[in-house]
Structures are given as structure tokens and as C-alpha cells.
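You will see two complexes here that share subunit A, one where it goes with subunit B and one where it goes with subunit C.
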Partner chain A sequence: MSRSVIDSTPAATDSSVSAPETRIPLPPRRRRRRSPLAYWLILPAVLLELLVHLIPMVLGVWIAFISLNQLTLTNWVNAPFVGLQNFMNGLDPNSSIGQAFFATIGRTLLYTVLVVGFSWTLGMAAAVFLNSKFRGRALLRTFFLVPYALPAYVGTIAWAFMFNNRDGAINQVLVDTMGLFDGDRPFWLLGDNAFGAMVIVNVWQLWPFAFLMLMAALQNVPNDVYEAAALDGASLWQQFRTITLPMVQPANGVLLLVMSLWTFNQFNVPFVLFGATSPESATLISPLIYQNSFGSWNFGLGGAMSVLLLLVLLVASAFYIRMVLPKGKNND
Partner chain B sequence: MNKQFKLFASVTAVAAMTIGLSACASSDSGAGSERITYWASNQGESLTVDEEVLTESLDRFTEETGVEVDLEVISWTDLYNRILTAVTSGDGPDVLNIGNTWAVTLQQTGAFDPVEGDLLEAVGGADRFLAPSWATTGAEGETPTSVPIYGQAYSMYYNTALFADAGITTAPTTWDELVTTAKALTKDTDGDGTIDQWGVTHAGASVTQNAHQGFIRGVQNGGSTFDSDGQGTFDSAEQVAGATQFVNLMAVDKVMAPSDAELTQEAMGVTNLIDGKAGIIFSQSPLKNFASRDFTDWAVAPMPLNEAGDTGDKATESFVAGINLSVFKNSDNKEGAYSLMNWLTSDAEQAQLNDAYSSLPVVDAAYDDERFQTDVIKQKQDTLANHALPMPLVPEEGQMETLVGTALKNLFAQAATGTVTEADVQDALTDANNQMLAAQ
Partner chain C sequence: MIETRNFRVLRNIVLTLLTLWVAIPLYVVVSTSVKPLADVSGVFEWIPRSFTLAPYIDIWSTVPLAEYFKNSLIVAVSATFFSVIVAVLAAYSISRLAFKGKRAFSLIVLSTQMFPGIMFLLPLFLIYTQIRNVTGIQLQGSYLGLIITFMTFTLPFAIWMLTGYFASIPIELEEAAMIDGTGRMGALIRVVLPVAKPGIIAVAVYSFIAAWGEVLFASVLSNESTKTLSLGLKDYASQTDVFWNQLMAASVVVSLPVLIGFILVQKHLVAGLAAGSVK
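Now for the complex of A and B:
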């Protein structure tokens, strides 16, 4: 490879120019050289990335195609290959496993829409509210972030105590103090109510993240734009719709994608609230995969469900990134 | 792609595969030193109590043999998955406790040393042990892969003060008597229109407790959870009848608090008994909890039978409960591991440890110790020796416990929030049975 030198003289073919040749040497422009050193420097990081992410993912896909149970567990490398059998078991709509799988996918979608929707709405409302200056703003900002700062398990365990039927704080307030439900103490963690309880806990944990991201995005919206809009008679709602939303759209797009992926894969909240097996109304896809893998030692089926989940999320994410996220030269 | 990148990619791929595969291979656990690792299950009131009890015993062991032991007490919620991970990776302790109902399932993994030759000699042969406990060490006809360490059996514990208040003088001996007694105990004591004292308490959200009671009630009704070919029969008429009886305590008889459907641990039910919120509990070992609360108003009786005069398997009061010990096949200090097996099953340590945990020794000789001459111990010993059946000795036992226990957990939840019919019980158990078939 040779370094290039910029030649400032006219083209050599221009014979009409008779002036003495004046070559002004310019500082050489450094062209990026492919130095091997760069590769070797990132080698440890790439190795770790492969070990931590890629190899487990490939193994997970492989498990979906083998019969992995207690008989084959110790020698799992040689577990028999069963082709698509695990997928057929998991996807057969006539079997109880297949029915549970499809019902759970639908329930998880609804759960994701509700949790992300409520979290985003709360986060946006709080961010807009705290974007204007007033006394005590810093205190409120800190206060709002507490659920996000608390370890997820601690917060969820506290909610499990509060939702307890006999001694929980929620029934104490609603039934004992306010006299609701005709004195009947509702079960919040059993039956159909369990789904709602799980949505509440997840929204409580997630909305401060939306608040934090949107608040950061709002800092970049210049005040002049709002002032100009106000002078032109735009209402607060119009300002929000036509200024705020479009100007935070890049951050918003990424935020919704990340929150949706987290929520769709949610495992901790149901596991801490309900234990290893959730009530049917509150069974999400990740706990279902756990139940099938560890409850019945059917790791092949669990692997097949994981692969299907991966495919669904990959397609949905790719579609979203293509259609919704802003196109720039770096992310197109 | 230039040469540099190709070289880099090749080296990276080879290195990652090498590291990955070497991580998949077996690992060390002490490098042949005089140090071994022991995973103990939680037997006392807390993990700390277990550490104290076992450290005392293991210190004596180290003094005698020179082998040092790294002890880790693992809670029941984590133990199964920890063992599973150890089995998969080959990286586990030298010696470990397992629930004896898992013995056959774990035996099939091939991860534990068979109890024969030097290991059998180290524990002094099978004849030293109580026959019912030894029967839980592996599948019938196969070389065992575990050895009993603690014995347990279900009994019926009741609050004598509540019985006296209700004018009840004798413990129920049949299921019908149990329901009648429990109805007499169920009442609104403070007159606020809400029942605050219940006949029976049970951890309805505990998969394990449910599976145990499902098994006992099914056997008493003449059923079994597996047929002779090892196929699941969770949904047989007898199993359904037994499970229905049990769920009906809450759903129909209304003698169990609906809030019990949220109890995840047996200890929560024991607390109900101590606090006078319930009169009866089926339990293996609540004595330490009673002692820690200075609770003395209790008595113990055999579990009620389905009908008076039942004999044979129908007279089963408990499954052969207990904990077994296994040696991990990958242990590189077999000598130290076998010494520990010898120590923990010795007559003296059996008496010491089982007294500390209020459990039953699994070797005959330990019962000569005066600490095991009490009425409670004699009652439990009689149940274990004469009225207990091992849980099914098939590889799928572990899955059965999870599936049947979960089905009952869901039925209790349904009973707490609505109604449960026998058809619901049938559907739930059929569904559990189908899941087992799909997994095979």
C-alpha cells in the first residue's frame, strides 16, 4: 500500500499552461490502514462474546432437535437426533402442549401491549410534567426512579406480600378500610386476577425506564419551538402532538422496541409472584418454556419453544426496525 | 475479505471452540486433595441452623479422618436445579443430599456412583438400614445409587387446645371422621361474621406437599400413579377419587381456609396451627417449629385412613419420606467421599443428626439411643416401618410429582376463587397425564 499525495497542479494533458511547475506539497492524508493490531486487540472481547452469547444460542437451537431428558442428560453431546419431533409436539394444536403454547403466545402479546402501553404513557406524562421547571422537580425525578433503582426481586417480593389474600396491604385497604367487595377478600395472585396483578407489578418496574429515556429526549427539544407554537395559538395538546412527539420520535422508536422485547421475554415477575408454575391466566411464554424444560425434564421441547420464540421476536424486531425506526446513513 | 481478517476469524473460531468444548468437558472438584465438597439439603428451621449442626459433625469427621469438607447447605427450592446443572456439566460436589423420591430419576442420569463394592462396604452393607428407607435408594432390581441418611413419615398433628374447646377428645381415624372433626373446629370465634378458625390447614400452593398428599390419598383409594409398564395413571378413577377428597376439604367441606391456596411452604401451615387459626395439619416434622415458638398444645396421631379396617396398600399412611446421600461419579476424591458416607451413616452420627433435625434414623441400631424412645418417635417409626410405601420407583417419578402437584395447586386456586367439581379434578389429572406421555 502506498500513501497518496494530492497533486494540486492541473491535469498533465493541459499543454497550454507554460508556467513553471509549482508543486505544493500538502500534508499527506492518512488513509486508514488495516493494521492487524486492531483485530488482535479486540480478540478477547470477540472471544467472550462468542462464549457468552453465540455458543449458548447455537447450543439452544441444537437442543431443539435432540431428545434431551434425564436418560441422556449426562452424555448430552450424544443425545439422539429427533429432527422436527420437538417442534411438532410443541406446535400440534390438538395436543394440550400445543394448545397451551399458542394460548400463551397470545396472552404474552396482550401482556406486552398492556405493559408497554401503560409504562410508556406514564413515562411520557411524567417526563413532560417534569420538563418544566418548578420547585421540588429534582426530588420528584429521584422519587419516580425508585422502582427502577430497586432490585427487581425485592420490589416483586414486596408486591407479592401486598397482594396476599389474608394479610396483604391491598386487601387491608380495599376491604377492611374502604369496605369494598362486600367484605369478600379477593385473591389477586390466583385465578383471573393474577394477570392484572402481574401487569401492575411490571408496569411499576418498567415505567421509570420510559420516564428516564423520554426525559433525556425532551431535553433536546428547544424551548423556542414551543414559544413560537404558543404565539401562533397552538394548544398544549397540539404542541405535544406536533412538536414533542415528532422530536422525540428517534428515542421513542428504540425505547418501544427495547421495552417490548424485555416484556415479551419477562420471567422474573411471574416467577417471583407465583413460583415455578403460574396460574393459567398469567402464564407467559418464558415461564412456560421453563415449566416444560425443568418441570417435565423435556429439554428438547423447551428448546423447540425457545427457537420459535427467537424466530417470532427476530421477525418482529426486523420488521419494526425496517418500518418504524428512522432511516439514517448509519442505521439504514 | 483480506488475509488479515481471514486469519483473525480462523483463530477466533478455533479458540472459541476450544474454550467452549473444554468448558463442556468435566472439571475438577478438589484436585485429589484431602478436601471434599458436600451439598446438604435444608433440614432445620433455617440454612444457618443446618450449617451449625453439620459443621459440628463435620469438624469431628475432619479430626478423625483428616479430610476437610467444604459444606454448602442448599434450600429446597434450588436443590433440584443445582443437581440438574451439576449432572449436565459434570461439575458437582463429591457428596450430596437428594430427596429420596428423586433417587430413581437421578439414578437414570448415570451421574452417581453405584452403591456396591467399596462404597457398600463403607456404609456397612444394606442390612444395617431400615428396609423401607433402603427401598428408596434406586429402581427395583438395579444397583442403588444412593444411601438413606434421614427418615421421615407423614403424621397428623393437631392443636389440643382447639380440640378441647370444641369438645373433641379423640383424633379422627378415618376420612369421614376427619371431615366431621374439621367441621366442628371450623368457626367464627370473634363473632364478626367471618370464619377465623379452620379445621385443616395445608400449603395448597406447594407442589411437593400436594404431590405427597395426592399420592397418599390415591393409594388409600386403591389407585397408583403408574401401571406395571411404567405408564402414568394419574387420571385413574381411584386417583381422581383421592384427589377429589383432598381438594373438597376446601371446595366442598369448607374446612380449609381459601387463603391456604396461597401458602407455598408447609411451615406457613404449621404457623396457622400454632396461632390457633387451624386445628389439624398433615406434616412430616413440625417439631422444631413448635419448639421455636414454645408451643406445647399439640398431639400427634396416625394419618386417617379412607375407611376403618383398611389393610394392605389401602392402609398406607405415608410415603417413605426422607433424604438420601449420593457420591458424584466425577468426584476425584472417592476415598474422602466414601469416608464421609461412612461417617454420616454411622450409628452415633445418625442419632446425633436425626435428633437435631427431629427426623428418624435410617439405621436400626440408632433407635437404641434414648433420644428416640419418645411416643412421637415411636409413632413415626411405626408409620415408616409398617404403614409407608415408597413413591413409585420409576424414572418419571420426578415429573409425576411436578405435574400432579401443580394440578392440585391449580385446583386449590380454583376452589379458593370459585367451585371445583369431580369432573374438574378428572380434567386436571388427565391433562397432567397427557403432559407426561408427551414428554416420554
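Now for the complex of A and C:
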């Protein structure tokens, strides 16, 4: 079927050339006509986005202004309006809940910087070295992507087992083989250690994404640029700094922003690693909202925190959109 | 970069370290999954003392793994199927037709994926309860609710990636078909879809992986009879007494379908991601 269509293409082109007055041959993209069909085609997507994203977003803002708890949950339409009370209760920097909220924001920012920083560095290293030709390169490339392709909870469960205090591989190496900690077996998933453990798990899962994107970007860098630089006596590090980095810059902005947002919003890793309640040192903002909503049934408080988060992310996503969607006539 | 000797030495060191970093957790999973229980509780041993496939059999009765598998398959396959159809229609519209509000539509679709799932979780739960109260349609705890939720969450990325794919297909192909008397939809189905097959497969695999691994919404929108693999295994892993060898065997079993799928379409996925992101 498609073959016959392709065969008929030259004929179609001929006809447009022979009758120039009925059609303007260039540019081809200008030939679009407005039609109701366009709306029918996007209708299913619009309905789903409305039901699952847009209406919940608006409702989420509303929840922050009503008193919603276990009793009013099933009949939430009639829950009483309480104005700014949820914001006052939850976000007062002098109350313990407020302090926890602001500390969590700070902790989540630090977490984001660490996870994205390490992931980017590992991804860049792998992309640069796999960009050269050698035996086994294709195999390694696929292998490095495995942590990303694995169901996220499987990777986290594997790490939870490795971090296990008694049976885990990590204490076997650090305590039994290397003799660290004077024979004490540290609890990696409790107390202050939990934060670092969570960073490691998240980097393990995220870095292949950075690798994937940077590898794609590096393919556009022609090799003779490096050759010229090497002839001029540029060291490897100089070549990396003055050629590789600037060349991947366009892709880099989007990559860093997307990874930062994903990490800032991270829920799966702590949820699988620690369960519904994370240790305090490792509580991120998404799990905190989850705990407040579904743990202590204080939905209004969770809602108020969500609204603040929404405002922050709206600014971030405005940056993202500007990078991804080029302003142009083609976008109407 | 230019392959000097230093470069090669550095490359070998870095790639070896990265390989170990990726391989060690995977090795721990696989080696633990073939150990008898007695060898798993106690200090970890890198080389299994004895080999058994029993964990791969026992896990099916330790947790209702078959039930979880069925639930995850139903939800992930349906979500993928419908997500691809909806995304193809929307992406075709964006890349080929002119309409008012196109930029606004693209903006909204793109921006929704930037927000954390947790923000939608409770409102969505409330909306689903309200829909049940009014219409009697059960979305909380049912397959339908999970499918609708999962498919929408993969939609933004799917639409974005397919729009890029469609835009790279020469419009002359469809015009030729339409001159031959085929309608817009006929051109889409008979001309565009066959050419865009790699992109569509990549999007499908992406959606499947996302639905297969989802935990947050499954934890609130599923119940005992619709519990997915991700949630079932997560719940089991957080119990106090875990048969780690069986859990690792289950991990291998649930990972194989997505890993095989991923390796098969890896090239398309990489190319598609690159096309969408690097522009």
C-alpha cells in the first residue's frame, strides 16, 4: 500500500508544477487549512488532561482553603471553607509544622543539587568516553541504560537489600572486609545516614538519563574540531572545556532543568526505601505532603503545602517551556 | 576527542568503574535470587555457596504474584494502548493541521509533566469519589481508574515525541495519498503510521515502562483485588521479615519483560529522545 503511494509521488509533484496557478508550491507548510478535524483529533487528549491534570490542579488549590479531614473526606463538596487558616497553621515558621516544612524545602533543594550534580557528571563521563570508537562500545551503551529501563521500584528494592544492616552487601564490604566502624554495623536507612543512601539510589537510577541525552548531543560535534584543537596543543581537559561543553550547551539546559524537577518532586525512591514515613534526615517535599495528607489525615495542610509548591514549580516550568517550545510562527 | 594514550587509559578506568557501579546491584539481585534462604540471612556472600531455583517457585505462593502480574498486565497494556492512540491523534493534529489554541494546548500539555504527582493525588482521589457518588462509575480501586490515570501521565511526553516524529515525515507523502482520493484519516493510517512506526513503538515502550513501575497512584487508587506488581512487591519489601532471595527472584521476573522490550527498541528510543530534546 505505502509503496504505491510513494510511486505516485512524482506524478503528484508534476501536476503541481504544471498547474502553478492553482497551487503555490513553496513553502509546503503554508498549505495547511483550518479545519474542525484538528479539534476532534485533540479532543481525547484534552478531556484526559482536564480530568486528570487541570481540574485536579484547580481542586488542589481549593482544598488548601477548606477544612478537609477523615470525616469530611467522602462528602468533601460540603466541607467548610476556612480561608487562609491552613496556610497560617502549616506554614508559620514559629510552629513545629512550619519549621519542618521550610527545613524540608531546604533539604529537598540540597538533595536536588547533589543528585543532579552526580548524575550529570557520571552521564557526561560515560557519554564522552563512549563517543570514541572501540570494541564493545554498543554493548556498554545498552548496559549503562539498564538502571533507567528497570522498573524504578526494582532498583530501589535492590539497594534497600544492599543497605540492609545485617544481611546487606555494603556492610559486608565496609565492616567485614575493610574492618571499618570498629565492627559496628551502621544502619544506612535510619537516622542521618538515610539521606546519603537515598542520594546514591537516586543517582544510580537517574544518571543513565543524563548519559542518554548527552550522548545524543555529542553526536552533533564533528571530530575535526577536536583534531584542530589537538594540533594546536590543547590538552584533553582543554578540549572538553572549550569544545565539548559549549557544543552540548543547548541540550544541557533542558536536561538539567528536567532532571532537577524530577529530583525535586521525587517520591518513589523514599517511598520504596523507607515506606510511608521517611526518617527526618531524608524527608523530601513530596513525601512530606503525602505524610500530612494520608498519614495524619490533615488534607488542608497538605493542600496548602501543595499550593506553595505549585507556585514555585510554575516559575520553573515557565523556564522549561521557553527552552523547549521555540517561539515561532509555526506554533500559531 | 582525539585518542591519545592518556585518553585511552582514562577511558578504560572510567568505563570500568561505571560498569562496576551499574553491575554490582544487578549482580546482588541475580546472585541472591538463586541462593537458598539459609544462605541469605546472615552476612552477605558474593559467591553463592549453593545454587537453587526454588525462590523462583516459592515467591508465587509467598505473595499472590500471579494476581499482581495479571493486574499490572491489564493496567499497563491498556494504558499503553490507549495512550498511544490518543497521542497519535493529538500529535498528528499539532504537526499537520492549523488550529486556534495550538500553542496554548502544547504549553499546557508540556507543563503538566513538570508538577509532582503528589499534587494531583488527593484531588484526583476526590474527583473519582465524586464521580462514583454521582454516576456510580467506580474509578477508585478499579482497573479503569488506574488505566485513565496512568495513560494521562505518559501522554505529555508521548505527544511531544510523536509531534517531532511526524514533523520529520515529508508532508508530500500524505498529499499524494489525498490526491489519490484518500481522506485525512486514511492518509494518517495508511501513510503516516507505517513510516512513524519506530517512533510509535518507542512511545509505547516508554508508556509501558512508566505504567509498569508506578507506585504513588497505585498506592491510593488500587485496592486488594487490583493491586499492581509495583505496589505488591513494595509492600512485601517493607515487611519486617523478608525472604530476600524470593523478593530478588520476583524482581528478576518483573524486570525481564521491560528489559527485553527496552533492549529491542533501544535504538528507536534513543533516536526519538534525541530528536525531541536536542532540537
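Just so we're on the same page, the second predicted complex is superposed on the first by the 282 of 332 C-alpha atoms of A that agree within 3 Å, B and C clash if a C-alpha of one lies under 4 Å from a C-alpha of the other, contacts with A are read in each partner's own complex, and residues count from 1 in each chain.
To be clear about the criterion, a contact is a pair of C-beta atoms (placed from the backbone, for glycine too) under 8 Å apart; a residue touches a chain by one contact, two chains touch by 3 or more.
Every value quoted in this text rests on a predicted model; they were computed, and no experiment measured them.
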With the two structures laid over each other on chain A, which partner does A:L51 touch: subunit B (first), subunit C (second), both, or neither?
-> both
Dominant toucher of subunit A (residue count), subunit B or subunit C = C
Does subunit B (first) or subunit C (second) touch A:P222, or do both, or does neither?
-> neither
Considering only touches as defined above, state whether A:W76 meets subunit B (first), subunit C (second), both or neither.
-> both
Between subunit B (first) and subunit C (second), which does A:L189 come into contact with in this model arrangement: first, second, both, or neither?
-> first
Would you check which partner chain A:P246 touches, where first means subunit B only, second means subunit C only, and both and neither mean what they say?
-> neither
Kindly classify A:F294 by the partners it touches after superposition: subunit B alone (first), subunit C alone (second), both, or neither?
-> both
Looking at the overlay, what does A:P279 touch: subunit B (first), subunit C (second), both, or neither?
-> first
Is A:G106 contacted by the first partner subunit B, the second partner subunit C, both or neither?
-> neither
Find the residues of subunit A that appear in the contact set with subunit B and again in the contact set with subunit C.
-> 34, 39, 46, 51, 54-55, 73-74, 76-77, 164, 166, 275, 294
Contact set on subunit A toward subunit B in their complex = 34, 36, 39-40, 43, 46-47, 50-51, 54-55, 69-71, 73-77, 89, 95-97, 164-166, 183, 185, 187, 189-193, 275-277, 279-280, 294-298, 301
Touching subunit C in the complex, subunit A uses residues 1-2, 5-6, 8-9, 11-13, 15, 28-29, 31-35, 37-39, 41-42, 44-46, 48-49, 51-57, 59-60, 63, 73-74, 76-77, 122, 125-126, 128-132, 134, 140, 142-147, 149-155, 157-162, 164, 166-169, 171-172, 176, 204, 212-213, 215-217, 219-220, 226-227, 230, 236, 239-240, 244, 250-251, 254-255, 261, 264-265, 267-268, 271-272, 275, 285-286, 289-290, 293-294, 299, 302-303, 306, 309-310, 313, 316-317, 320-321, 324-325, 331-332
Per the touch rule above, subunit C residues touching subunit A in the complex are 1-4, 6-7, 10-11, 14-15, 18-19, 21-26, 28-29, 32, 40-46, 85-87, 89-90, 92-94, 96-100, 102-103, 105-112, 114-124, 126-127, 129-130, 148-149, 151-153, 155, 159-160, 171-173, 175-177, 179-180, 184, 190-191, 194-195, 209, 212-213, 215-216, 219-220, 229-230, 233-234, 237-238, 244, 247-248, 251, 254-255, 258-259, 262-263, 266, 270, 273-274, 277-278
Would you tell me which residues of subunit B are touching subunit A in their complex?
-> 2, 4-5, 7-8, 11-12, 15-16, 19-20, 23-24, 80-81, 84, 87-88, 90, 105-106, 108-111, 193-194, 205, 207, 257-259, 261-262, 264, 395, 398-399, 402-403, 406, 409-410, 413-414, 416-418, 431, 434-436, 438-439
